[in-house]
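This report refers to the structure that appears directly beneath it.
The chains carry the letters A, B and C, assigned in the order they are written, with residues numbered from 1 in each.
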């Protein structure tokens, strides 16, 4: 199979999987087999693209729905990385979901797995999008396909969360992103992602600044403040969905899109001339700090993790605005590292929920002794997100600091350091409490064993965090080739 | 004498009829009276057309020895068609009114609305 | 068969089949005849459209009387497109109608129903292909009269009142068109569109021509349900039998839009409407008002059909907005949305009809939890709803893209913002339905219902899939819309 067809196949495979899942809904075992095998096959497909990562693959045009707006795919380093992470974590999440959904006795599981597969197809589309039009199309499909997941339980609370979710994501993408894309088309005459940007020399700096602003806030999935509310709201969803939102696809698609826009639409040269870019750095920094501070005050574990995600996304947004290669490497690496770190944290949180039905941090004292694997994984994830060696998170923060230094953003360096301390303050207490505090005295402790698929999934992602520290070299080399 | 006022009297009649018809249509709550208003309104347009087709000193457009000037026959033909359309409309409107009376027991708009509000 | 005589057959076949339909015994035969005829007409329309020359039109002189004296039928890129649309929607609605109409119309009235349906089809196609403005009036009235009948045939008394209101307003509109036609004739001595276009510029400055256009514009706007002349539409669409609502939503207002465009660009001329007189701005204003008020009103409806009807008023605003830009891009967007909205709204009304067929109600409160009992129907509604909102990858998104690009190119960015905001309002009203059906528990006390019959689901899904298809492969729709717009703008220079 040529790499060009592989690219198309990786888009169509999850869709096929979705159809299979929907068709086999009556037999749960076959349905789950369909999900898992699709996920594994997708990962194999994406891996098979790895050898052509340096040559890249030029545009493959599938369709042309509007003039200039083709549905086209290509392969470039950032997309390669994102697709690898997403497709790998899909396997883990599916594995976990099988254990979790059955243990929790959730209804509408067929709808769940179908929507999940469609969301993965959209993610692949985002990762391999060769132009802004394609990116926009798959970005919107991703929003829609995750809606049934967010509202899965169908309770009044879930419905309200779904409204916030769709409301913010659709409003930002329709009111800001879509006009930005169309304006780019009218100014540049093309929507293709090109090394060095397509707007260079086509627009004045003031207009470019306006466009940058539209993109920055229009890509609502990157949860930049003040458009972050949907992420904590979506916490009502089952844990595998949180994993999908926070680690596998959704927010990553947001920051990934922003990185692609700054790199391939604006280009570093243009970016350095835009004064608004400096303000967006401040917005990113404010997001990092404020979200960390809010996270500190949350007692609900999943909410705390949600705010932590918002803060961590700020890092990647910052990387996009730094305008140098080192920062970009940091941003790219952080997509992978945060994905692995955060998914580990969520899977552990979900495991605690399945085992003890506890959601509040304050209630988790001493639980570490009863579920050591879960809390160990949680610890590994925490350390990676904090950015300590020997875990992958260290590298992304390292490159981000280096990038800030190169860009002479002293404030950014300061905020990165403070934020790491804040990460320590809100993440470590969970494991510390679990391992060292005395268990709460209460009579009717129910304790269900954590299903084995969940245990395996957690263990794999925690090991992934360590692996990402040891084997960061190939990823760095991949990201170094991004044409600036 | 102002020619606008007198020589073009068919237009004034048409406009007057149009106003009467339109006023009846919007001011009456009785469905039959509305249909009557609609009819007057349509008829005014027929007169307008006939007025348009008149040629000064022209005879009725029937071929006859000794006549050279005829009124334009085309508007007459058009109006014949319009009359047919008008009749069809009126018939349908009246038919509907009969059915409404059967269903509601009234042909007064406000009473019908009140009955609809009751369910 | 593709000789020019078949242009006349497009109208003659349904027109002559209608009385036959009325005489056929039973309930099945009239339906069969109507369906056969409609499919035949669709094939004819497709064959004829394929034969339209790249630049220009197929012309046919009725009865052999050469224009401008005789009546001329003309098929060019624009009305070919509209004719295909009308025939397609008809051909899809009729198979659906068999079950749906039998449940909503008394059996004794079925032959009459299908006869009226064929008359409506004949009227719409005649309006579309005629090149003579008086003939247009006649066909418009044939279609209107038959749609009053169709609306009134639903088995509930409110339908009668709605049909009556529709008749009164529709007749006022028609009479206005008649007045305008008469005045235009008085100034030019011709009724042929091409001939009028040649002669009107010489007298364009006279107040008679201004009055003529004003009357025609108002008359057509009533038929089009352009705000603030839309009052008949919500009642008529809500109370009509579902199949009729779907057919009317996809064709009647579309043909009225066609008539408006024809009058503006091919009869009076864009220069007259947009440069010499302020009519263009009047249309822009009304279109923007329609978009806003229609969208807002739709949010507050508790009946799905009424909600869709109000949404139609907003969508009509979008098409007229595209037209009022008077650029090739704007007109392309308008014509494109004409087609796409027909697909969207017909699909939605068909889905609503499926709901009605089972529940005997389309109130929001009664459809809660329906997604679990009628998953295919509600999926169809949801997908078509996404298209209405204008989300990719659907036909509605393509419309929105073209409309936005056209507005920004024209420098109308406030209009562009309005388009975006109102598309979010569409999301709000569609989501009220989606949420009720999928996320709320099944309404208490509702008897368990099953999926709608296949004969209703297949046409619904055909339209839904068309929505997705034309959101991905747009060469057919945008190609034809672009050609139509260029023909119109080119012809009016």
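Criterion: contacts are C-beta pairs under 8 Å (C-beta built on N, C-alpha and C of every residue); 3 or more make two chains touch, one makes a residue touch a chain.
These figures come from a predicted structure and were not determined experimentally.
Colleague: Please give the intersection of the contact partners of chain A with those of chain C.
Modeller: Both-contact set = empty.
Colleague: Mean of the CA atoms for each chain, then the mean for all of them together: which chain is nearest?
Modeller: C
Colleague: From the centre of chain A, which other chain's Cα mean sits the farthest off?
Modeller: The most distant chain relative to chain A turns out to be B.
Colleague: Would you kindly tell me how far, in whole Å, the mean C-alpha position of chain C lies from that of chain A?
Modeller: Distance between chain centres, rounded to whole Å: 44 Å.
Colleague: Quick one: report the Å distance separating chain B from chain C, using the average Cα coordinate of each chain.
Modeller: So the centroids are 28 Å from each other.
Colleague: Nearest whole angstrom, what separates the Cα centre of chain A from the Cα centre of chain B?
Modeller: Result: the chain centres lie 70 Å from each other.
Colleague: Which residues of chain B touch chain C in the complex?
Modeller: The contact residues of chain B facing chain C are 22, 25, 31, 34, 38, 41-42, 45, 48-49, 52, 74-75, 78, 81-82, 85, 88-89, 92-93, 96-97, 99-100, 103-104, 112, 116.
Colleague: Which residues of chain C touch chain A once you look at their complex with the stated criterion?
Modeller: 386, 391-393, 397-398, 400-402, 404-405, 408-409, 416-417, 420-421, 423-424, 427, 431, 435, 438-441, 471-475, 478
Colleague: In the complex of these two chains, what residues of chain C are touching chain B?
Modeller: 134, 137-138, 141, 145, 148-149, 152, 157-158, 160-161, 163-164, 167-168, 171-172, 174-175, 178-179, 182, 185-186
Colleague: Per the contact definition, I'd like the list of chain A residues that touch chain C in the complex.
Modeller: Checking each residue of chain A against chain C gives 63-67, 69, 71, 136-137, 140-141, 144, 148, 151, 154, 158-159, 162-163, 166, 170-171, 174-175, 178-179, 182-183, 185-186.
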